[in-house]
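Letters A, B, C, D and E name the chains as they come in the text, with residue numbers starting at 1 for each one.
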Amino acid sequence: MLITLTGYDPVGAWTKSAADTKEIASWKNPSGNTWISVEGLDNPDEINKLAEFFNIHPLTVEDILDITQRPKVEEFNHYLFITLKDVDFSEELGLEQISIIITKDTVLSFQNKPNDHFDGIKKRIMNNAGRLRQAGADFLAYAIMDSIIDEYFTIIDSFGSQIEVFEDRALDEKDNSFIQDLQELKRKLLKMRRVVWPMRESLSLLIHLDSEHLSDKLNPFLKDLYDHIIRAAETVETYRELIAGIMEINLSAASNRLNKVMKVLTIISTIFIPLTFIAGVYGMNFSNMPELDQPLAYFIVLGVMAIIALGMILFFKRRKWI
Amino acid sequence: MLITLTGYDPVGAWTKSAADTKEIASWKNPSGNTWISVEGLDNPDEINKLAEFFNIHPLTVEDILDITQRPKVEEFNHYLFITLKDVDFSEELGLEQISIIITKDTVLSFQNKPNDHFDGIKKRIMNNAGRLRQAGADFLAYAIMDSIIDEYFTIIDSFGSQIEVFEDRALDEKDNSFIQDLQELKRKLLKMRRVVWPMRESLSLLIHLDSEHLSDKLNPFLKDLYDHIIRAAETVETYRELIAGIMEINLSAASNRLNKVMKVLTIISTIFIPLTFIAGVYGMNFSNMPELDQPLAYFIVLGVMAIIALGMILFFKRRKWI
Amino acid sequence: MLITLTGYDPVGAWTKSAADTKEIASWKNPSGNTWISVEGLDNPDEINKLAEFFNIHPLTVEDILDITQRPKVEEFNHYLFITLKDVDFSEELGLEQISIIITKDTVLSFQNKPNDHFDGIKKRIMNNAGRLRQAGADFLAYAIMDSIIDEYFTIIDSFGSQIEVFEDRALDEKDNSFIQDLQELKRKLLKMRRVVWPMRESLSLLIHLDSEHLSDKLNPFLKDLYDHIIRAAETVETYRELIAGIMEINLSAASNRLNKVMKVLTIISTIFIPLTFIAGVYGMNFSNMPELDQPLAYFIVLGVMAIIALGMILFFKRRKWI
Amino acid sequence: MLITLTGYDPVGAWTKSAADTKEIASWKNPSGNTWISVEGLDNPDEINKLAEFFNIHPLTVEDILDITQRPKVEEFNHYLFITLKDVDFSEELGLEQISIIITKDTVLSFQNKPNDHFDGIKKRIMNNAGRLRQAGADFLAYAIMDSIIDEYFTIIDSFGSQIEVFEDRALDEKDNSFIQDLQELKRKLLKMRRVVWPMRESLSLLIHLDSEHLSDKLNPFLKDLYDHIIRAAETVETYRELIAGIMEINLSAASNRLNKVMKVLTIISTIFIPLTFIAGVYGMNFSNMPELDQPLAYFIVLGVMAIIALGMILFFKRRKWI
Amino acid sequence: MLITLTGYDPVGAWTKSAADTKEIASWKNPSGNTWISVEGLDNPDEINKLAEFFNIHPLTVEDILDITQRPKVEEFNHYLFITLKDVDFSEELGLEQISIIITKDTVLSFQNKPNDHFDGIKKRIMNNAGRLRQAGADFLAYAIMDSIIDEYFTIIDSFGSQIEVFEDRALDEKDNSFIQDLQELKRKLLKMRRVVWPMRESLSLLIHLDSEHLSDKLNPFLKDLYDHIIRAAETVETYRELIAGIMEINLSAASNRLNKVMKVLTIISTIFIPLTFIAGVYGMNFSNMPELDQPLAYFIVLGVMAIIALGMILFFKRRKWI
């Protein structure tokens, strides 16, 4: 468990770390805002102490500790609680739950595993880049959500390139694993969808929530975020339709290949089976087979065979099989 | 029919059993809350007496006795009526209807068959664990619903592991029973869905119901429950899509297998049928077949056969069949 | 055309029949409610006279006479008009339109063909069973609707058992008529759906309608009816999904069967076609075929043939075809 | 361009034609209502003059002249504008746009090509049949819409009979054109749907529009129309599902036929290919083949062949292929 | 970066170009409206100066510069911001983002690449055609949106003709590329849909927005635009269904072709394989085969073969295979 404290006001900024909540009373930034970032949730006692200090509802603490929560927004008297999913660009599409509590002058963020997704925000605060230092705690919360949702687009774009690769392979790929890989991608897409869709509702709620913890100035920024998440949601839906289309191309190509294989088999069989029969007839050993003794019979039979073969080929030509 | 009475207040708790409603007048807990848990619904007379004592509407009694009810919430003057489904983790996904009546200081719960799903709540009351003893009757009803919905997740998780097993088998399974088992799972999922979806509406109604039987303090807990049920509903939907995907993988694998079988058949037939025809020709017994007497004819014919076979193999190679 | 009059009040009840509206002025029950049940709609004049007497809007009369109406509820100044479908449990799922007009103290019901679906209600009135005699005209209308909707469940349950039969046959049935029968059931289900769905809206409207023709006491009963119809609608939807699943099982089983047939064909052909070719070669009649005169050649060839056959079998074993 | 004027009041009615708008000032019917029916829209100047006289908004004129408009209702200060599609019962499902303008005492209707769909209304006005002469201009507009929507049902019924024919052919039809014809019907159905659905919204809007151009008395009639259009829309949806079902029957029947063809091929091949191989072995010309000289060998071989054939037949019987 | 200034009032109009914002203070048209059209967004500094001058929110500037925005409408205190997609009728369906800012007397439009889509509007202003010169800045913005949405119909119509071509080829096309091209068209349709659908919401918002920047007179025009976009959206949906239908025709035709190929193979094989077997039997070299020496045996065997062949043909006739 690592607690990172970042205090800032328009004039200056400082940052320090703590491993527990012993000195919590000294954490507040009297003249400005504080960001208390907690990484590691395996120490519920410390989280509870933190919650007690900030007067957090026990259910919120439960939601923070249960990392399978659905993204949501909840307003309490003293604070606003937002939980959402940070997506990790890994093989398995790892999800990290980020919980954010917004009070008047403090933002608390909670996550289980440390990562570097919010380093950019910390740098911007320390270097006074952008408007973070000038704005309130709600703007910091917005900045965190914004950096998370930006990550979504990286993931979704990578889905897009994977889909293009699948599209290129769809016609020629005969291996079973193709469909399985495609289904795997679809499963990731479904997972992503369950990350993105609830965010839609959450952001729509945040925009229309008349909360004292969100200043009016933040509204255009939240609307912007909302537009991004809608775009992400729509892209995910489009990708699902594209995957269904790739599946159709692949199945249709397989069926076409089968058709061609069957045609070759049919053409060869249909031409030679009757000819082989004729040869078989004149290979019989009956003592009285008058044709056998005709001097030209052999050549006549060969001619008849050639005519039959040509007739078959013409028949196939007319049916446009060859 | 077994009636279990549990009385409690912040100071103490007691529990006793009854087989009928004769002493019903003495059941009320003057200083606290009472939980009257009825197991076994095959004695409508006793249920009616109970209902009369608590001034329950005849339609509510009908709903309690008809165990095929759809989950719902209904507000009456004197009480709040909630009916929902307890799910049994058995082969056949057994459903047990739980009906809950919330009055000012009493919770009545009705179920047909006894089970141990609510033993944990009883223990928590007796041992004064959690906040049950401190809270009102509405919180007890919440605890009952919470324990039921927790059970849903056990079931849904078991569906999840079954789906994973199906996914692993999807490519190689050729047996008809695979699809049938998958459809069976889908049917259970549909059943589960009909349990979960109406709960969504019920909980949404409970949250927005401005009832005197639900204290404001309960609202965050109901919202929490609502989030859980939404998550359950979304998982069920995702599983349906995964099942459809497994079906597609299985069908596509079957079609690929057919393709491969046909290719082997076609390659063998196409190579040997013409060669057999040639052998047949020189097996004919015509008296005048000049080739037969050429000393090298046999070897020339064998060579021609080899060339034809090689040609065929090259043709298949070019078509990427082998 | 048969008009059945049933008058009742908490004290007593009488019933009589009429074939026309001549004595209509004497039909009203001064102290209680009257149920005027009209069976047979082929005499518009009489219906019009009835409508005139009760001050019914011409459009309502049109709706009563046009028996292809969609179920609906309409409120007029003097009365409430409800039209719904009675379902007949026959081969063809016959629909009978029931129109109900509720005035302050009179219920008029109209249907085209006589049937015995409402005999139970008549008996309950005559025998003073249930609360019909004590309640107002609106409760009678509710009882009629209730008995119709109960009938829906009989039909839907019969669909359920048919679906189970189809499920059992799905794997083994190879006949085309299977799919056709299944589609026939689906068509009936669609028909049933068009009966049930509009009832949802109608009942929701009735519940929220603040009409003077519906007493407040009726509301829980209407809500109960609404729950029933929702359950019916959900069951119909589930059945549609089950039918789609049965179709999938059947198609997949057919495809598996084809796969197995093809495998048998391929195995037999692939083993014997090369062997037959070899036999054909040594059946040729060339004068110079040195192998033919080797004393052990025949047995060597038989051995080679056995080795080829075994090789093929091993190949198939490795591919898990046999 | 043909302008037909029909003036009427409860006392009398007259009709006359005009080819242009020169005498427009004299068209108004001082004591009653006037219906100005314009057929032919290729003379925008005259339409503009008409619009100017009645104070019509330029956008309404544009909508009248653009005959690809989507059905809609728009309220302006001086009038109500309705545009909808008249359907022609022809091979190609021709659509004719009808635009209706309702003012206090005048109805203007516009259409591009003349047809006889509204002759019935004209007759009813002239003969004082029905309530047209007694009612206001809004009722005339209703009558026009009613006659158009009645036409929809003719079309939809014809779709219904076509679907029945397709259903009867679904099992046996092997021709590609079957699917193509079915898709053609589906396309017409989609076209019809785009005619019917917007009418739903339009009529719903008309019912809830509190316009001075629609008297309260018209409301039941509009509701009736709304019920009709809902019924039409639902029928169209049901037909789409039926068409999907027919497709499934046809595909499944084709797949069953293929299965049967393959079985015949497999049975014949599997029985005779091994027998032919045996015959081939004993047709080889090796000098040392001891069996050939056994006097009973031929009959033993024939017997072995018969046993193999019987074994195969038993194998197929056990697999239920024959 | 090219800035085109167009000033106009009912009396006159002028136009001039600028490459930067140095003289921005002189751009306003004191007595009328000004259209500032910016082409080329690669110079954010200049855009920022422009934004500063017109008091534009930084987020709006971000939206203008990020050309992957989703179409939307946003109202700010000083202006109304609209962003939408111009569609390019090219192979790849290029999208150009057009951002429009409406203030009291100025319209600013931004786009990245120059094109001639708005030349018509400029001409109409200069030549005083239509009502542009008489109307306010909002009407100019409407005219720009109108010309963009008109372009949508050109694209959608071209999709329509492509679909017709696909429909004609659906039955006979055997090439894999057919399905791939169809999927490509579907992908373009999905892209178009993501352009059209958000416009629906935007226009609906504009109609119901009670903004001071939109005069009441504009409302009918916006409603008209809304109807157009609804029509476009519905056409796109219909096209998606048609594409699914074409896919079905193509697959069904392929399956029918396979059926026919298999039948030919089966008929030929089934007739000749048994005959070949018989010929093989009498080609065996057993020393004791009594039939061989019967003088008529050969002709009897030929007769038997003919009878078997005829029997087979009759069998196929009865099964309606030939």
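The working rule: a contact is a pair of C-beta atoms (placed from the backbone, for glycine too) under 8 Å apart; a residue touches a chain by one contact, two chains touch by 3 or more.
Since we're looking at a predicted model, the values are computed, not measured.
Undergrad: If we look at chain A and chain D, which chains touch each of them?
TA: Chains touching both chain A and chain D: E.
Undergrad: Rotation angle, chain C onto chain E: superpose the C-alpha atoms of these two copies and give the value as a multiple of 5 degrees.
TA: It works out to 145 degrees.
Undergrad: Could you classify the chain B-chain C contact as same or different, where same means more than half of all interface residue numbers appear on both copies?
TA: different
Undergrad: Centroid from C-alpha atoms only, then distance chain A to chain E, rounded to Å. What do you get?
TA: 25
Undergrad: What whole-Å value do you get for the distance between chain B and chain E if each is reduced to the mean of its CA atoms?
TA: Roughly 40 Å, centre to centre.
Undergrad: Identify all positions of chain D at which a residue touches two or more other chains, and write them in rising order.
TA: In chain D, residues 255, 258, 262, 265, 269, 273, 276, 280, 283-285, 289 touch at least two other chains, as defined above.
Undergrad: Once you've mapped the touching chain pairs, tell me: line, ring, star, complete or other?
TA: Chain contacts: single closed ring, each chain with exactly two partners.
Undergrad: Of all residues in chain D, which touch chain E in the complex?
TA: Those residues of chain D that touch chain E are 57, 59, 62-63, 68-70, 72, 74, 76, 174-177, 179-180, 183, 186-187, 190, 194, 247, 250-251, 254-255, 257-258, 261-262, 264-265, 268-269, 272-273, 275-276, 279-280, 282-285, 289, 291-298, 301-302, 305.
Undergrad: Okay, in this complex, where on chain C does chain B touch?
TA: 170-171, 220-221, 223-224, 227, 230-231, 234, 238, 241-242, 245-246, 248-249, 252-253, 255-256, 258-259, 262-263, 265-266, 269-270, 273-274, 276-277, 280-281, 283-289, 321
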